[in-house]
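Going by the order they are written in, the chains are A, B and C; count residues from 1 in each one.
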Amino acid sequence: MSLLQTRGLTVRFEGLVALADVDVAVGEGETVGVIGPNGSGKTTLFNALTGLYPPATGDIVFRGRSVAGLPPHRIARLGVARTFQSSRLCLQLSVFDNVLAGMVAARRTGLLEAVAWRRRARADMQAALARARHLLGLFNPDLPARGWERVGQLPQIDRRRVEICRALAAGPTLLLLDEPSAGMSPAETRALMKDLQIVRDERRGLSVIVIEHDMFVIEGVSERVIALNYGRKIAEGSFAAVVAHPEVREAYLGQEHARA
Amino acid sequence: MPPLELLLQQALNGLMLGVMYALIAVGFTLFFGVLDVIHFSHGDIYMLGAFAGLTALAAAAAGGVGGGALALVLAFAAAIVVTGLIGVAAERLCVKPLARASPLMTLLATLSLGLVIRESVLIFYPRGADPKPFPRLLPQGGFEIGGVSVRYENLVILAIGLAAMIAVDLVITRTRMGAAIRAVAQDAEAAQMMGVDLDRTVDATFFIGSALAAVAGILSGLYYSEIHFIMGITGGVIGFSAAAIGGLGNVYGAIVGGLVFGLLQTMAAALIPRGSEFRDVVAFAVVMLFLIVRPRGILGARTVERV
Amino acid sequence: MILVWLTEALVFVLVVAGILAERPRALMLTAAAGAAAVAVPATVPRVRTALTRAFEAHRAAAVAGGAVAALALPFALRSSPYWTFVATLALLYVTIGQGLNLQIGTAGLINLAGAAFAGIGGYTVGLLTVSTGWPPWLAVMVAPLVAVAVGTVLFVPILKTRGHYLALVTIAFVFIFNVLMNNFEFTGGPQGIKNIPTLTLFGHRFTTAPRLFGVTLPAHANFYFACLVVTVLTTVIIRRLHDSWLGLALNTLRDDEIAARCCGISITRGKITAFCVGNFFIGLGGALYAVMVGFVSPPDFDFGYSLVMLSVIIIGGVDSIPGVVLGACLLVPLPERFRFLHEYRLLLYGVVIVLMLLYRPAGLWPAAVRRYR
């Protein structure tokens, strides 16, 4: 029984089909890589899975229930967390605040407790902060000490780590990583691969879908690879099999030719 | 139910008001289309246009060109140039420097700039707190048709308003600058890569939008025979409402929105007891309901937010 | 600790001197001292760090000192009922500003109907006490709820649409409110509602001058102390909300709605909460104003006041709780002190806001990072 399953997932904008009839399944604890040229629908797939773009037709089943058409915050609360291609952190807020934002939804402390029941609200917050420190420390031992700095002051790679921490802070069962290596040097990408390993060790049973351009990252982390082009799934299987697939080769080589 | 003649009469009046509102609304919608900003001082730019026109008329009278069509043409020319340039200055001062900040910052900055413009007219224009009589320069009199009285004055105002709209439409659809404006509205980055000078295009947009507001300002002076420094607030809110009902970013939508708002006001005045006092209440209430039901506006396209 | 109290005492003396100095020479002297007091920590880093460290280390002492100063102010101003009134007005602007700042600063909801919501509070008090004979204190407690209810009914659907529509609709609402108040008969039309009964506490009417520690204070001192309590409570509540999960959620949705939604934050719920809590305190400010001055009329709540409230926030510091206090304490008394500026008041506010947004968008007292203490 897979954790996530889409059936005939289709997303349209003004008649333009961004995602056509895509079937994707992710098992528990599995890491799936998604590849495809620019504009092939990879990020659209994530946006559909997280509820930002409601599907035109098709269904998304997550943990046995249909989530197609649910608003993003409801889907997030069911256990789907994500990062964004161009990171979406609140640069004015502190590192801790950004990580804590991932835990907001799960908290039950209400307005009255925040105002009147100070001790409880404070204890709750301290526990959350401890968890944020722990998560940040997994990725970079220096990060917890910089927790009160504004995120805007961190280097790019640490921002990406903070964003992953925010996603993990929600305690998800499915984590969607949208091109974690975007805008990073090869050395940083290598560091990031180590981080992804940490993510999976930290939470056994966590399923991950990762979109990547960098084939080394894909090869290194994913157990199964899905290739998209023009919004359709063109190949699925092991990394070696997908890369050797003629349609995948054509999609990428065709692009190379167009570029040249 | 009021008699049909009264309704027709109010429809005509609504059309008159609507033309003025449409001219203001086009500015809002152009600015939003090109820069994705709401230029909240635009209403006060409209008020400035009216005062620029009045000042030009006074100067023309002092120079011996009192009354008549020539004075009016001079007033329009002067107000269009002066107000257009002030609009560009407003953009350079309050919009461009905040391009990278959150859109709310631009909103607050232009809102405060409007306050500055308003208070400056109040304080520095001679006896600025009082309503200023605006000379009646248009042919008086009129005729009656089917129980509806049509005044020559109103026909001229309608004609000038329509001419201004057609002129802007031609500029936007037929000229190079118009093509640049449309390109930037579509996608500023792509337009720049195609060789469009972004700064110049934005300047041109603000000049055109503010010039239209100036035309609206003088028309409003001619219509009501008086102008007041406070007119910019209501003018701005109504113009923005009209642009919003039409669909922000769509020029034709703004024109439709302006006419709709004018008709709403006059029909409310005709159909509701004590309607003349509550006409704005009714009109704004309808706008609110409309924005809730259809936030994209009548002609607005569905926008997909990029993630 | 001594340093903290000395600093606070110095500020207190300067403020009182600045308010009361009449002769040009005294005024000049105060102005020079005030300028020096601002310039020294601003230019000498060592003084600044010493002061920050002292205030950081002795927060409780600083709060206690501030409380003493706030309580002592009416005694220092006892010769001037007018300035006691202005000080109370500044407190009301703090209350209103905290409410509005939760909306504008924390949640990014541009509510430009601050004047109208304060007006709803004020008119509710007027109507309940004068027309239906409710006791004033009960009316003052109910009025903010009316402001919240009206705001919820009218604006919740709009909160779901794009940000600038809220700005548009709230401006329109201020005008609608004014037109209605001017034209309804039961609100007294342009004359408004007069003779709103004053508050009483244990039989002490707020219009009689209180005698405390053998000193007779102006009657407005009653309201000063009452408003001080309300303002402090408001500030504490807003601060606790700001440093809670709610504040964090609001900040997140203000900065990035998409990220917030993907974190499981309900945008609609967050915005509604911020809008309601904010309107409560804005309405409370308006209600207290009504019982303090004893009448309400449409011009007391026109669009200009919305802009004054906005200035308090932007000049003080967007999303900054101490910033609102500073902003209100500067913006309310300054034009009263310099009467010749009164005519130019709104013009100056406008110029200052534009300059602030361009050159110091975080305000005079920028919001600090949340430390959850």
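Brief remarks follow.
Criterion: contacts are C-beta pairs under 8 Å (C-beta built on N, C-alpha and C of every residue); 3 or more make two chains touch, one makes a residue touch a chain.
None of the values given here were measured: they were computed from a predicted structure.
Any chain that touches chain A and also touches chain B is listed here: C. Using mean Cα coordinates as chain centres, the one most removed from chain A is B. Here C is the chain whose Cα centre lies closest to the centre of all protein Cα atoms. Mean C-alpha positions place chain A and chain B at a centre distance of 46 Å. Taking each chain's centre as the mean of its C-alpha atoms, chain A lies 43 Å from chain C. Distance between chain centres (mean CA atoms), chain B to chain C: 35 Å.
Touching two or more other chains at once are residues 258 of chain C.
Among all residues of chain A, those that touch two or more other chains are 52, 84.
Residues of chain B in contact with two or more other chains: 307.
Those residues of chain B that touch chain C in the shared complex are 38, 40, 93-94, 97-98, 101-105, 107-109, 111-116, 119-120, 123, 233-234, 237, 240-241, 244, 274, 277-278, 280-281, 284-285, 287-288, 291-292, 295, 305, 307. If you check the complex, the residues on chain C that touch chain B are 108, 110, 112, 154, 157-158, 161-165, 167-169, 171-173, 175-176, 179-180, 182-183, 258, 303, 307, 310-311, 314, 343-344, 346-347, 349-351, 353-354, 357-358, 361.
In the complex of the two chains, the chain A residues touching chain C come out as 50-52, 71-73, 76-77, 81-82, 84, 88-94, 97, 100-102, 104-107, 109, 111, 114-115, 118, 121-122, 125-126, 129, 148-150, 166, 170. Residues 237, 240-241, 243-246, 248-249, 251-252, 255-256, 258-267, 273, 277, 369-372 of chain C are the ones that touch chain A when the two sit in their complex.
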